[in-house]
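Shared chain: chain A. Partners: chain B in the first complex, chain C in the second.
After this line comes the complex of A and B, so read on.
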């Protein structure tokens, strides 16, 4: 019994993907003064990608995302660390934050730090979901490029690669 | 000056990502690019040195964590400049050598040079540090980068074992050093080396009297454990020969010229501070000279060329440690000469070994021979360097040995054993050194050329000869005209560490005691060689009870074996079996808390003023509570994993209602998202279990006793949690921490969302560390999850199916296994 994914679900999920991401960025930006922030925003954006992977498949989602989520998370950590370390250049202690107000809108360095957190959270959420979801769809845990990136030759994933990809069988029982 | 010094240290560090990129792009040619980095550092350090006749001490301080007394504080004086020059100059030579050594047979060139530069940066940071804690940070960085370098050829078991051994030995001992540093800092109130030297140490000793001597001695011994392990002193000597699994340029750089000298450097650094302690001389003299002799004997008994050199390095380092130990407290003299002499000949010999290995395909002294006919230039280089190692006249090794014997004859210690012990050990060790120097040259370059070596032979690139030739040239030049080096030694001498300021080295002193001793050593060495012969040495070996590395490896392998045994003793097949243990622990720990606060529990009938029955019976809250209760009941009555999980998720979602009610929208949103993410993660995870596991769980109805047991556990757990909640909710804090943040959120952090200001501002450091830990944990989880192995049946069954549906096991055997329980 080979069932394709529900058409309605796929379409709605793709639509929601954009909406959720928009909302997550909104949450990120308003975080300092209103409910929201990097962690929540990142989690929301990560969940939107999970939704997308349920709708169109993990492999397609990875194509949409383009970057390796771990790289995303590393970039986030770099942004957060650098934004914290930057004040040291002119003699202020580590993690000094600056805020200004332009026409009633508060702007400040906490946002940069929050963007770092945002990226880390997206990265790790997606990475963990992807590594669990890929075998479920009959794929090898890592893409060939990732395999060269994380694993040295002695530590090849034990998961035997399945030669040709079998049509995903979402109906269960076969 | 600040900028120049910081640039010299930071440039190699910043070049790391660039070099990785260069390696990916240009492969083996990345080495030529990498050469720019150490050259720049060398030039910058040279600039710092230039212009000064007598070195004045300069300290640069940048605040880092002022509240803890930790500063980015660097010192520029003779000692740091000398080691800085050695590190950067050897960096240039080794990079040059490596760029031809690591040809296209190797992979990941970019990574290699990146590690090398990271190492160089940490070394430079270490030698220029003025703050002990900063020094420790760089110290550990050298350990980590050397781990990466030793394990560079990570598909070889040797490399992995060697890297692990080096990391555990030096890293573990480094912790002892940290303890010593902190102890010293706490006792004296400062981590600054300059402040310690200029009186903080003597002052605290004077203030607190003799009883503090003991504490300072403990601190000193702890620090020495770290330093001696880094310098591969007995009983930590075993890691160095095993670190030889690294590519040869690494051995030449780390394990002869720089990293292993760190321990010696550290001893020199704290010499003005700690040399007055009573433990100083006995500890360093006994360990140092014992290691010197042991190392020399092991070098003679080794057959691997690199092993010979590694043990001879251990031996020479032992001498340097002992040398500082037996110097009187006013200061040592000519220590830098001995270090420089060793750097020249040992760095050179390591590079020679690399070329021999490359050309002949073997490093085994028993198999090599006759290479002088094929590699005449290399033979000359080796002869010079080996002569320097043996201490023959005309080489720098001779000068070094003359002055070291002179120092020993001149400075008599009041304890008799501290005189005859070093002298005897040094003379015996020097004799053995002559022996293995002869053996090294004789067995590699002379005698018949074995046929298999002849067949394998291919000519090495001429580029590789440059670096060893330069080093051998230094051995010879400074050996013949030693006065050339005197101005440098005069400039670099440090107050408090060095004794004399008017140094004039001479090759000929007349018929002195040390000259006769030296002659005797050479004569006896040559005689012993004739007596022993190459054949007898070839059959010898290091006795197994002295092979500490084997014991270490056995120990390391025993850890997982013991863990496995414990696991197999305590593990249960069903996760359910763990539940009583976990809940029981919680019950005992929380229950004891409740017993202590039991009195307050009894007052609960009165309750606090804000507890009102009408509020408890609020219709909306009660309704949500009812929904939660229904969901919880569903979890217990439903029989499928998936539906149970969804019901559990519902409980989590419903709880957000309370967060909204108590005006915590941030928490509510987080709760919803975390709940969703967890639900999907667990569903995915369950789908990787065999489908039959779920069936099996369903069909094996629990026995009556088990059911009763479950009920008891559940009731107890529920009661404990309820009681705990009451206790926590009713206890009064003097001043809730939250009030401070709520009040300060707008004025101090300029944000109206207190949750967010706490996260990014007040407790920003926590957040930064948390995300770091998250990333590390994810990488760890990746390592576990990507190694998931599917059984053959699973692989045949194809994809696992949608989340929560489980894997279907088609084979009869599998089905029987799961259903017949």
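After this line comes the complex of A and C, so read on.
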């Protein structure tokens, strides 16, 4: 389906896409001591992708994103988990953080954890929106490669005729 | 002790690996190895806590009032071990049931995320973290319920989603309320500050709210209708995991909250709990008798067994709590094995509708023996494992003079036996030439092997009932005398230079006994 889009909206949205992403990275970085952080930054970045999908279409947006959003979220989860599990190697409690200062700039492992959260939130936001937006544009809700990863070939493992299902109902024939 | 975090971390890493790998034999190998390792870690945790008492870990090295603690006491470790064993059995069963090509690729990642939520809710020592764990668990369970669902199944799953979403909302409100009363969400600290506040109406309201929330999760009497219709839509291995572990989380949390956290002299509420348990078991078993397909019968039986455990919690004596814990060990294994038997029946007969299944005793006597052992154990026939749990509950009930409830419990047992015999008669004993047995489908051999292994495990519970009951007594002792639990948590606080509440230096009796409200500094002016 070819949706007629306003030229002004498309141009402004493409411009805003970069601005919002820049701002979301700013939110991510300031999150350690100020309001912000991986979650809110990720939401911002995810929203910018949603805006882009409205401007140029979902398929085009997925080409910009390039990666499968679930993979992105998984990668983020992996980063966050590893950064929190690493201190266990030398006996510190799970999720211990280390902070250092290099030339007045505070750096620490919470940033790695936050980047993980950032990726998870982008992945999940995009996943949720894409799966709803693709049918609106007349596309199958999963791309062919996602279908091999996240869909099953069969509906039901157990053969269950319809009569028996009626019995499962409260008001059904006993 | 980082070992406490391992039961949460391992399934998380497994889920990530399963999401990144292709659904093939390699992934299956990795997942099974990880699940086996989870069982080993959990058993190590049981041994360690049985020897040393509770182990606490402050996450991120933050002291308790600000940081979250994970605490493994004997009860939590037992529950984690049971979850590990049942998830291993269910995953192996799922692998033998479906080839890689047909299995839903998201089933394993979601099951592992579910395990994260389960283990976290067993291990956490913080009320808000418990809420988070519940959410992780519930979101995975919503996804798993509707993963391979058709329209009908989604209709059945909807009440599950709706009631649990409302339950979570009330839970969150209750958490906020608890923070308002006690100024902390840490179990150990709430336990200290709440001691002697049992006359305070706010504590009573909090307890009622929590009872309602966990009652929903466990499937207690007025709000149980979501359970018996939603569980049958699950595929067999998932039904085994859900039926074995998921509703038991509600029971565990009731034990934890009423045993360790809230004041121990809320006797009115304990009576309510006992009666709710009684009504639940009766209605559950009547529902089970009315059903005529295996998964439906077993789903109603979950309710009835939950009733037994809640009844024991309601009696609220160290002996009854020990009975509840032992009953939990027995019931988790038996219930999930019965679901596995049901799955094997539906593979062999092509259906688990009792009207259209027959001839199985002749085809697979081994499965029949396994079913008999499990079914009779569920009904509580001596000397099987269910008998000892029920015996302990009945003993304590008689000691407390709750004759009506004991009568209900025994009555329920007879009906349990009746419904088990219904399955036995229809599926195994009846001979009907018109019903085919798909013995040529070789998958049943593997499935029967898994089922029989689980049945052997319940036989082992029967044989080692003595040591296991002793273990339950130790766990119940730990719950009842909160001293060791509180000390393990507050030690973390003291290690980091935190100011520990005065009660830690007070001898234990002063903390647990109902004391005059005026001596509790946490009581606000109004209550004094």
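Throughout what follows, the second predicted complex is superposed on the first by the 151 of 174 C-alpha atoms of A that agree within 3 Å, B and C clash if a C-alpha of one lies under 4 Å from a C-alpha of the other, contacts with A are read in each partner's own complex, and residues count from 1 in each chain.
Here is the rule we go by: a residue touches a chain if its C-beta (ideal position, glycine included) is under 8 Å from a C-beta of that chain, and two chains touch if they have at least 3 such contacts.
Treat the numbers as computed from the prediction; the structure is a model and nothing was measured.
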| item | value |
| --- | --- |
| Touching partner for A:71 - first (chain B), second (chain C), both, neither | second |
| Contacts of A:95 with chain B and chain C, given as first, second, both or neither | both |
| Partner chain(s) touched by A:50 [first = chain B, second = chain C, both, neither] | first |
| Which of chain B and chain C A:114 touches, first, second, both or neither | first |
| Touching partner for A:135 - first (chain B), second (chain C), both, neither | first |
| Partner touching more residues of chain A, whether chain B or chain C | B |
| On chain A, the residue positions that both chain B and chain C contact, one per complex | 70, 74, 77, 81, 88, 91, 93-95, 97, 150-155, 157-160, 168-170, 174 |
| Footprint of chain A on chain C - complex, ascending | 2, 5, 9, 12-13, 16, 19-20, 22, 57-61, 70, 97-98, 101-106, 147-148, 150, 152, 156, 229, 232, 235-236, 290, 292-293, 296, 343, 346-347, 350-353 |
| Contact footprint of chain C on chain A as seen in their complex | 70-71, 74, 77-78, 81, 85, 88, 91-97, 149-161, 164-165, 167-170, 174 |
| Chain B residues touching chain A - in the complex, by the definition given at the top | 62-66, 154-155, 665-666, 669-670, 673-674, 676-677, 680-681, 684-685, 687-688, 749-753, 755-757, 759-761, 764-765, 767-768, 771-772, 774-775, 778-779, 781-783, 785-790, 795, 797-803, 805, 808 |
| Sites on chain A touched by chain B in the complex | 27, 31-40, 43-44, 46-47, 50, 54, 70, 73-74, 76-77, 80-81, 84, 88, 91, 93-95, 97, 99, 106, 108, 110, 113-114, 116-117, 120-121, 123-125, 127-129, 131-133, 135-138, 141-142, 150-155, 157-160, 162, 166, 168-170, 172-174 |
